[in-house]
Amino acid sequence: MTKGRLEAFSDGVIAIIITITILLIQVPEGEGLEALLSLLPLAVSYLVSFIMVGTHWVNHHHLLQVASHVNGKILWANLFYLFTLSFFPVTTSWVGRTHFAQLPTTVYVLISLLEFFSYVLLQQAIVHSKDCVILNQVMDESKKELITFAIEVLALICSFFTPVRWASYVLLVLGAAPWIVPDLRMSMVYEQSALYDD
Amino acid sequence: MTKGRLEAFSDGVIAIIITITILLIQVPEGEGLEALLSLLPLAVSYLVSFIMVGTHWVNHHHLLQVASHVNGKILWANLFYLFTLSFFPVTTSWVGRTHFAQLPTTVYVLISLLEFFSYVLLQQAIVHSKDCVILNQVMDESKKELITFAIEVLALICSFFTPVRWASYVLLVLGAAPWIVPDLRMSMVYEQSALYDD
Amino acid sequence: MTKGRLEAFSDGVIAIIITITILLIQVPEGEGLEALLSLLPLAVSYLVSFIMVGTHWVNHHHLLQVASHVNGKILWANLFYLFTLSFFPVTTSWVGRTHFAQLPTTVYVLISLLEFFSYVLLQQAIVHSKDCVILNQVMDESKKELITFAIEVLALICSFFTPVRWASYVLLVLGAAPWIVPDLRMSMVYEQSALYDD
Amino acid sequence: MTKGRLEAFSDGVIAIIITITILLIQVPEGEGLEALLSLLPLAVSYLVSFIMVGTHWVNHHHLLQVASHVNGKILWANLFYLFTLSFFPVTTSWVGRTHFAQLPTTVYVLISLLEFFSYVLLQQAIVHSKDCVILNQVMDESKKELITFAIEVLALICSFFTPVRWASYVLLVLGAAPWIVPDLRMSMVYEQSALYDD
């Protein structure tokens, strides 16, 4: 019951974050082609962020299906997760307006890293709330989180060197790639654990 | 179960898009009649967008009723759909502020076209997720999508010629007209397919 | 089933409208008392609008409980209702920034009138969707709508005359007063009609 | 049934309030480190407000679980609660932009006090709506509300004296601390009262 409200609140926050990012892409000043083209960097950064926030929403969606009840730890892990996610509109806009400058890129990658870290914390809180040996084992053996962390750290390093700075964004999307297809480990174990829970 | 959350998230995003558009109609500068009248073009563009986004919401509403379960393809088709929809506040505001200039009008129609295209993609994903011969047949035989596409392409052409540019907006509303009454093909087949599914 | 989504969407839009109005009360420029006091007119207009939108939400809430199913007419009446409601943030802000000047006050009252008119339209659509003789009779005999209309028209007249312009706002709140306690006619008939419907 | 809609609406408003606060942390002007560091005060005030609004959401969540039905009094107490909450984005932004100046700090604490007061009002309305002797007794004997009130009044006093002004923010977070773990009195009695209600 309380899970429904946690989902609804999270959906509300994520929906606002994803929609508000477009608002920071200001309306073109003037009616000419240059006015439109000047928004191109913002449109690119919006696309990258949309993919990342969208991937997060899809995975959050699957993660919460595993949770059978919500405790205080999950509530606060989820709030911390939404907190880190809420920086996306500002960093996206900063990156776009400065035409992917060095510091904004570094900050953008750092926020993405923090954001992924908070997701893993939430995942831990939910997985540990269930006394399911199989689920814990499957999650511990998995290398998926490590791969994404490694790719995002590489993106962070690239952000410091101007010639390969563009690679930071490619790496971020690459790091999100294993999560685009919702987490099958979860669903798999979810069905199995349902045998034990009910 | 997961369908409920997809609907809630989409409703959140569409609600924000539709409401945020009004915010881009800035508060009049000054307290006189000219200040108010200067907002007229923005009010007209807001009205057109409200009709278009409203029509989309009504149809999205009916479309998802057909879906019996949600897979990764539907999740991402829906996210792409919301992505294209999220450009409405910016293009609406651009069109209003430039008093329906040429390029803004063209961009507005292009976004509408892209948006309708993403809707048809989502429709395909949902229809194909159901192994319902009748539904697939009914949807394939239908000319409704082609008519709207044709009208919107005509709107695109009109947007390039100043004397008939106003016709672009009339055509967009016309193109939405067959969708104002929610899609009866869906409901009809929905009831029939319920006989097979349950 | 579809009613739930209509409610969720409306709640989303109303929640955004009510929250976004505060955003148009800009952050004070400076840190002194004058900076704070300069926001007083905006705070007053925000309070009036909060009462009016809040009252609308409470009544919308009760109105939809009566609806047993949702047809296309109700969907579009509801969208028109949300459309008129969406002008509140802009008119509230205009009225506050111009210190309750004449034209902004008139426009504010006109939007309130239009808004109440769209509410009555939605009420008609919902009441007529039910074949309940008692409900139709109770609603037709009621003078509640007429009283509020009369008070709001009086507010409109007052808005034209500077010495009594403040009375417009008092009258608007007065006009909302009979709706602050949710509509008992509805609940009463709702319970009765439940006897016939189920 | 109606409780669900009250929760959904409140979630929508709180989600918007919490997300919109980040928007008032403007995008850095420029791409250098100074531009980023100039946002530090805003980031700190955002963090404090996120903790406070997050704590409120968690407790609102638990409070409404106790309510078995919603009456007009609860509806309006909840609207007043959301009204006071809606000032957070503006005061947070003001405090951050003025680098925690005296008047903004005082106003921030006053809004927090008003906000907590409106929460206690809502709690009363919900507790009294249930004819549960145990619940009323437990709530009346509790000192939790008084402790938080006392700490927030102390924060108000500190806000007037520059050398200890920073303590106001520490005290506000301290005052929220007993509420970070959701209210166990509620849950405890909720389970007991369920024995009588059903």
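Quick notes on this structure:
To keep things simple, chains are lettered A, B, C and D as they appear, and every chain counts its residues starting from 1.
In the analysis below, a residue touches a chain if its C-beta (ideal position, glycine included) is under 8 Å from a C-beta of that chain, and two chains touch if they have at least 3 such contacts.
Note that the structure is predicted; figures quoted are calculated from it, not measured.
As for how the two copies chain B and chain C face one another, under half of their interface residue numbers coincide. A rotation of 90 degrees, rounded to a multiple of 5, brings the CA atoms of chain A into register with those of chain B. Averaged C-alpha coordinates put the centre of chain A at 27 Å from the centre of chain D. Between chain A and chain C, the centres computed from C-alpha atoms are 38 Å apart. Counting only residues that touch two or more partner chains, chain B has 8, 12, 16, 20. Against chain A, the residues of chain B that register as touching in their complex are 1-2, 5, 8-9, 12-13, 16-17, 20, 24, 72, 75-76, 79, 82-83, 86-87, 89-90, 93-94, 97-98, 101-104, 107. Chain contact summary for the complex, chain C toward chain D: residues 7-8, 11-12, 14-16, 18-20, 22-23, 25, 27-28, 30-33, 36, 50, 54, 57-58, 61, 65, 180-182.
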